[in-house]
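Shared between the two complexes below is chain A, which pairs with chain B and chain C, respectively.
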Partner chain A sequence: MLLEVTLSGVTLGGMYALVAMGLTLQYGVARIMNLSYGELLIAAAFAAFWFYSGLSLSPLLGLIVVPPLAFAASYAIYRYLLQPLVRRAKTRDQLEVDSILATFGLLFVIQGVMLALFGGAYYSYSFLSVPLQFAGAIVAANRLLALVLAVVIGLGLFLGLTRTRLGTAVRAVAVDPVAAQLVAIDVRTASALAFALGGALVAASGVLVSMFLTFNANLGVVFTLKALIVVIMGGVGNLLGALIAGLILGLTENYVATFIDPGLTLAATYAIFLIVLLVRPQGLLGRADR
Partner chain B sequence: MSAVVAGLGVAALACVPLLLGDYGLSLAINIVSYTVLATAWSLFSGPTRYVSLATVAFFGIGAYTTAVFAETLAWPLVLLIAAAISISVAGIVGLSTLRLSGVYFVIFTLGLAELVRQLVTWYEVNKTRTLGRYVFTDITAAQIYWQLLALAVLVFAVGFLIGRSRLGLALRAIGDDETVARHSGIDATRAKVALFVLSTVFMTLTGAIMAPRWTYIDPAIAFNPVISFTVLIMALLGGVHRLYGPVMGVVPLALLFEFLLARFPNHFSIMVGVVFILVVYAIPRGIVGLVERTVRWPA
Partner chain C sequence: MMRLTLRALAVLAAAAIAATPAVAQDKVKIGYAISKTGPNAGGASITQIPNYEMWVKDVNAKGGLMIGGKRVPIEVVEYDDRSNSEEAVRAVERLVTQDKVDLLFPPWGTGLNLAVGPVFNKYGYPQLAFSAVTDRAPELVKRWPNSFWLLGTSKQYIDSLVGLLTKLRTEGKIGPNIAMISIADGFGIDLSQAARKGFTDAGFKLAYDKSYPIGTQDLSPLIGEASRSGADTFVAFSYPPDTMALTEQSKVASYAPKVMFLGVGVGFPMYTQRFGANAEGIMSLGGWSKDNASTLAYEKKHVEMFKRGPDRWGSQIGYSSLQMLEQAIERVGKIDRAAIIKELQTGTFDTVLGKVKLVDNMMKDNFWLIGQWQDGFFVGVAPQRAGVGTVVVPKPAWRP
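Up next is the complex of A and B:
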C-alpha cells in the first residue's frame, strides 16, 4: 500500500516538476509571470483527448504534434502580446505587474474558449490502463509511461540547456539580462525562445497528464498554482530545485489524499508553501539575491 | 462646500429604491456592491501596487458567516463576527507574504479563494453532510441597498482619511520605492498588513450583506473567482491612484457585463477577458489617468 502510494506520488511529482520547468523558463528567463500557463496544459490535454476519441489516434502521436503547435502559439503570444509590455515597462516590477494582469486576462479568454467548446464536464479516456507489477506493487501502465516520458523530456531539456551554445545563452539571460547583452547575446530572441519553449513543455505535460488524470476546462488555474509553488519552492530558474520541489509536492498530495482526506490536498500544498516562504523564501536551492 | 455636495449626492442615491422597480434595484445593488469592493481593493493595491487576486475569498467568507449565523444571532453581531474572521485571515496571509517580494503575494492570493473554498467544502461534506445552505432572513432588497450604500460612504470616508494620514504618506512612499521608504524609517510591513486587513474587512462585510440576496449558497457560488476578476478589471479601468477612480470603472463595466451576460451567456468569460486585456494595454492608468492627461494638455 505504502509503496503503491509512493509510486503514484512520484509519477504525479515528476509531472509537477516537468510543468514547473516550463514555468521557470518563462519566469526566470523571459521575466513573464504567466498566469495563463495552466490553461495551455488543459488545452493540450483536450487536444490529446480529441486525438484519441475523435481521430482514434494514439496520444503519443499527440505528444509529437501538440508541443510544436504550442511552441508557435506561445511564441506569437510573447511576440505580439507581451513584448509591447516589455518595451513599455520602465522597471522589472512594472513588467511583473503588467504581465500578471495581461496573462490574467488571457487566462479567461482561453478558459472561455475551452468552456464554449467542451463545456464544464470532466473528460478522460482510457489509454493503456493495464495494471503492471512493479517491485511488488501494482502500477497502471499509462502512469509509468507518462513518468518515463517526463524523465526523458526533462533530461533532454537539462542537457539542451547545459550542453549547447543556445542553452548557455538562455541561462545567461536568466542570470543577468544586461550583462548577457555585453557578451553579444540577443536577449530579446533568447527571451522569446525561452517563453515559447516553456509553452511547448507545458503542452507536452498536458498530453502526458491527460493519459492518467481526469480534467475539465476549469482546472488550469490549479496547475498554474502548483507550478508556481514548485518554482518558488525550488528557487526561480533552478531546474534541479523544480524537480525536488515537484516530487515533494506530488508525494505529499498522495500521502494526504490516501491517509488523511482527499479534500485536504490543496490545504497540505499550501501549508508546505507557507513553511517554505517563512523559512527559505529564496527557495530550496535558490540563492538569496532576490 | 464639497461635503454638502457629497451629502446631497448620498441622500439622492438613498432615494433610489423608492423610484426604481425590482430590476433597477437589483442593478443598483450590483453597482454599489462592486463600488465598495473595487474601492476597497484599490485602497490597498493602488498605493502599494500589490495585485490582490483574493477579493472573492473574503467576500465568500462574509457570505458564509451570514449563512451560518444569520438565523440565530442579531444582525449587527453577524457583521461583527464576519469582520473579526476576515481580520484574522488577512492578518495571517499578510504577515506571511507581505514581507516578501510582490510576486509571492500575488501567487498566494491567486490560490487563497480556491483554498478557502476547498476547506469550506471539506467541512460541509464531512461535518454538516450537506454542501449547500439556505439563507432565510427578513432583510429586504431595499435594506440591502441601504446597508451597501452606508458601507460605500464608510469606505470613501476611510480612504479620504487615510490619504491625509501618516499611514497614507507611508504607503505612497512604499509604492514609489520600498527600499527608500524603509531607509526613512517606515515600518513597511506593518503599514502594508494594516491596510490589507482594512481593505479585506470591507470586502467581507460586502459579502455578508449580499448573502441574503441569494437565499441559497454553496461554496461554488460564494467563492466564484469571476468576482475577484471583475473587481480587478473595474478598479483598473477606473484608475487606482485616485480614491474616486474605481467608481468610474464600476458603472460602465457593471452595465456592460449586465448586457453581455444577458446576450452572450456562453461566451461571457471570453469577452470579459478581451475587455480586460484591452484595458491593460490601452488605458494602463485608467479613465481617471486618461482624463487628467487630456485635460492638462490644452492648459
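Up next is the complex of A and C:
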C-alpha cells in the first residue's frame, strides 16, 4: 500500500514538475511572469484532442508536432509582444509588472480563441490508460509517461544548461542580464530562446496531461497557479528545483490523502509552500543572492 | 377644472403606457446571464446553453411565440456572468432595468440561482431553475412564489438512492458497507450530508467517508482507500473532471465495486464517448425512459444542432421548462409576468418529458432520479414507480 501511494504520488509530482518547468525557464531566464502560461497548456491539450478525435492520430504524434509549433509561437510572442517591454523596462521590477499586465491580456486572447473554437464544454479522451504493474502496485501508463518525460526533460535540460556553451549563456542571463552583456552574451537571443523553450515545454506537458485529465477552455489558470507554486518553491529558473518541488508536492498530496484526510491535501500543499518560503525564501535550489 | 384635466391626462397617459406593449409587441425580448467562462462554464455549456439556443431557434422557426393571435419573434440578450454571483446579479439587474427584457432565463447551478433569486423576485420574473438542487427549495417557493426548482432537492435523490440500495441489500446483492467520497463544494456537501443521514437511517454503514478539494488531479489515493474499506458499494458525489478521473483510475486499478455511483458528468455525451463499453453499469443522477419517443426525438435534434448529445440528467428537464414557459405565455396571450407565473404554477404542459403539472413549483414524478448505463442507454432505475428500469448489479467487469 505504501508503495502504491508513493508511486501514485511520484507520478502526480512528475506531472506537477513537468507543468512547471516551462514557467521556470520563462520566469527565471527570460524574466517574464507569463500569466497566460496555463492557457498555452490547454491550447496544446486541445491540439492533442484534435489530433486524436479529429484526425484519428496518436496524441504521441502531437507530442512531436505541437511543441515545435509552440516554440515558434512563443518565440514570436516574445519577439513582438514582450521584447518592447524588456527594452523599455528600467528595472527588473518594472519588467515584472509590465509582463504580468501584458500576459494577463494575452491570457484572455488565447482563452477567447479557444472558447470560440471549442466552447466552454469539457473535453476528454482515453489514451494509454492501461495499468502497469510495479512490484504489486499499479500505475497508469499515461501518468507514468508524464513522469518519465518530466525526469528526462528535467535532467536533459539541466545537463544542457550546465554543460554547454549556450546553456551557460542562458544561465548567465538568468543570474544577471546586464553583466552577461559585458561578456558578449547576446541577452536578447538567449532570453527569447529560453522563453520559446518554455513554451515548447508547456505544450509538451499540455499534450501529456490531456491524456488523463479532463479539461476545458477555462482551466488554464489552475495550471498557471500550480506551476507558479512549484517554480517558487523549487527556486526560480532552476529546472532541478522544479522537479524536486513537484515531487515533494505530489508525494505530500497523496500521503496526506491516504493517511490523514483527502480534505487536507490543499492545506498540506500550502503549508509546505509556506515553510519553504520561510526557511528558504529563494526556493529549494534557488540562489540567495538574486 | 384644471386639476381634473391634469388627472384625466395622467389617467390617459397611464392607460397609454399600459397599453403600449400589447399594441406594439413586435418582438419578445428574452435575456439571460450565464457562465460562459470560469469554473461553471463546463456545466453550463453542456446542460444549459444548448437548450436556450435550441428553443429560441425552434420557436423562431415557427415565426415566434403566438401572442394575441399573431407570431412574435424572440430576440435574445445574453451576458457572461463569469461564474461569479455578484456579476450574475448585476447582469440580471441590467437585463431588467436597461435592456428591459420581457422574460429572463435562469443562470447555471445552485449557487447562482440562489444568488439571483431575490432579483427575479423583486421584478416579478418567473425563474425556472433547472440546474439547481437544493433542499431549501420548498422554503424558497414560499418566499419567492415566482421561483421554480425543477431539478428537485438533494433529499429526493438520496431517498431514491437509499431505496434502491436497500432493495439490493434485501435481495442479497450487496452488503451493508458503503464507501462514499464527495467534492468539498456546494453539490458534494449538500448531497453527502443528506446521504450520510439516509444511509445510516437505512442501516448501512459508511466504511469510508471523505471529501476532497475541488481541482484534485489524482484520485487514486481515495480509490485505494475505498477499495481497502471492503465496501462493495461506491458512491461519489463528484464534478465532471473528477467523475472522468474516478472512472479512468478505477479501471486502471481494477477497482470493481458491485455498485458504482458517480456524480455529475456520467450523463454527459463525452462520458460514453470516452469510456464506451466501460460505462456499462455505472450509475448516476438522472436517467431516461427507454420508451419515450419525444426524448429520443429531442436527443436526435440536439445531436443534429450541436454535434453532441444532451446531458442525460438536466438537459431534458431544461428543455421541458422552456416548453412550459412557451405554453404558459401563449395561454396567457400577452407578456403579463404575474399571469404567466400563475399559469406555470397551475397549468398542465406538454413537454419532451411528457405531461407535466407542477406541485408547489416543483416537478413530481416527471423524471428519473437515478439512472444506469445499460447497453449504451442511460436507463432510469429509481425511484420505484411504473416504467422503472431494472438495475444491473454487480457492475460488469472493466474491459481493457
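A few comments on the model shown:
The rule we apply is simple: the second predicted complex is superposed on the first by the 273 of 290 C-alpha atoms of A that agree within 3 Å, B and C clash if a C-alpha of one lies under 4 Å from a C-alpha of the other, contacts with A are read in each partner's own complex, and residues count from 1 in each chain.
Simple rule for what comes next: contacts are C-beta pairs under 8 Å (C-beta built on N, C-alpha and C of every residue); 3 or more make two chains touch, one makes a residue touch a chain.
Quick caveat, the model's predicted, so the values are computed rather than measured.
In the three-chain model built by superposing on chain A, chain B clashes with chain C.
When both complexes are overlaid on chain A, the residue A:257 reaches chain C alone and has no touch with chain B. With both structures placed on the common chain, the touch criterion links A:69 to neither chain B nor chain C. By the document's definition of touching, of the two partners only chain B reaches A:229; chain C does not. By the document's definition of touching, of the two partners only chain C reaches A:121; chain B does not.
Of the two partner chains, chain B is the only one touched by A:106; chain C is not.
In the superposed model, A:266 makes contact with both chain B and chain C. Contacts of A:281 after superposition on the shared chain: chain B is touched, whereas chain C is not. Legend: residue contacts after superposition of the two complexes on their common chain; A:131 is shown touching chain C, with no touch to chain B.
By the touch criterion defined above, A:33 lies against chain B but remains apart from chain C after alignment on the C-alpha atoms of chain A. The clash between chain C and chain B in the superposition falls on 181-189, which is one of the stretches 181-189, 325-333 or 379-387. Chain A residues in contact with chain B (one complex) as well as with chain C (other complex) are 111, 115, 222, 261, 263, 266. Chain A contributes residues 1, 4-5, 8, 11-12, 15, 111, 115, 119-126, 129-131, 138-140, 143, 212-218, 222, 250, 253-254, 257-258, 261-263, 265-266 to its touches with chain C in the complex. Partner chain A is touched in their complex by these residues of chain B: 49, 51, 53, 96-97, 100-104, 106-108, 110-111, 114-115, 118-119, 121-122, 125-126, 225, 229, 232-233, 236, 266-274, 276-277, 280-281, 284. Every residue of chain A that touches chain B in the complex is listed here, in rising order: 33, 35, 81, 84-85, 88, 93, 96-98, 100-102, 104-113, 115-116, 221-222, 224-225, 228-229, 232, 261, 263-264, 266-267, 270, 273-274, 277-278, 281, 290.
Contacts from chain C toward chain A in the complex involve residues 35-39, 41-42, 44-46, 49, 181, 184, 210-213, 215-218, 220-222, 224-225, 228, 240-241, 244-245, 248-249, 251-254, 265, 268, 270, 273-275, 308, 400.
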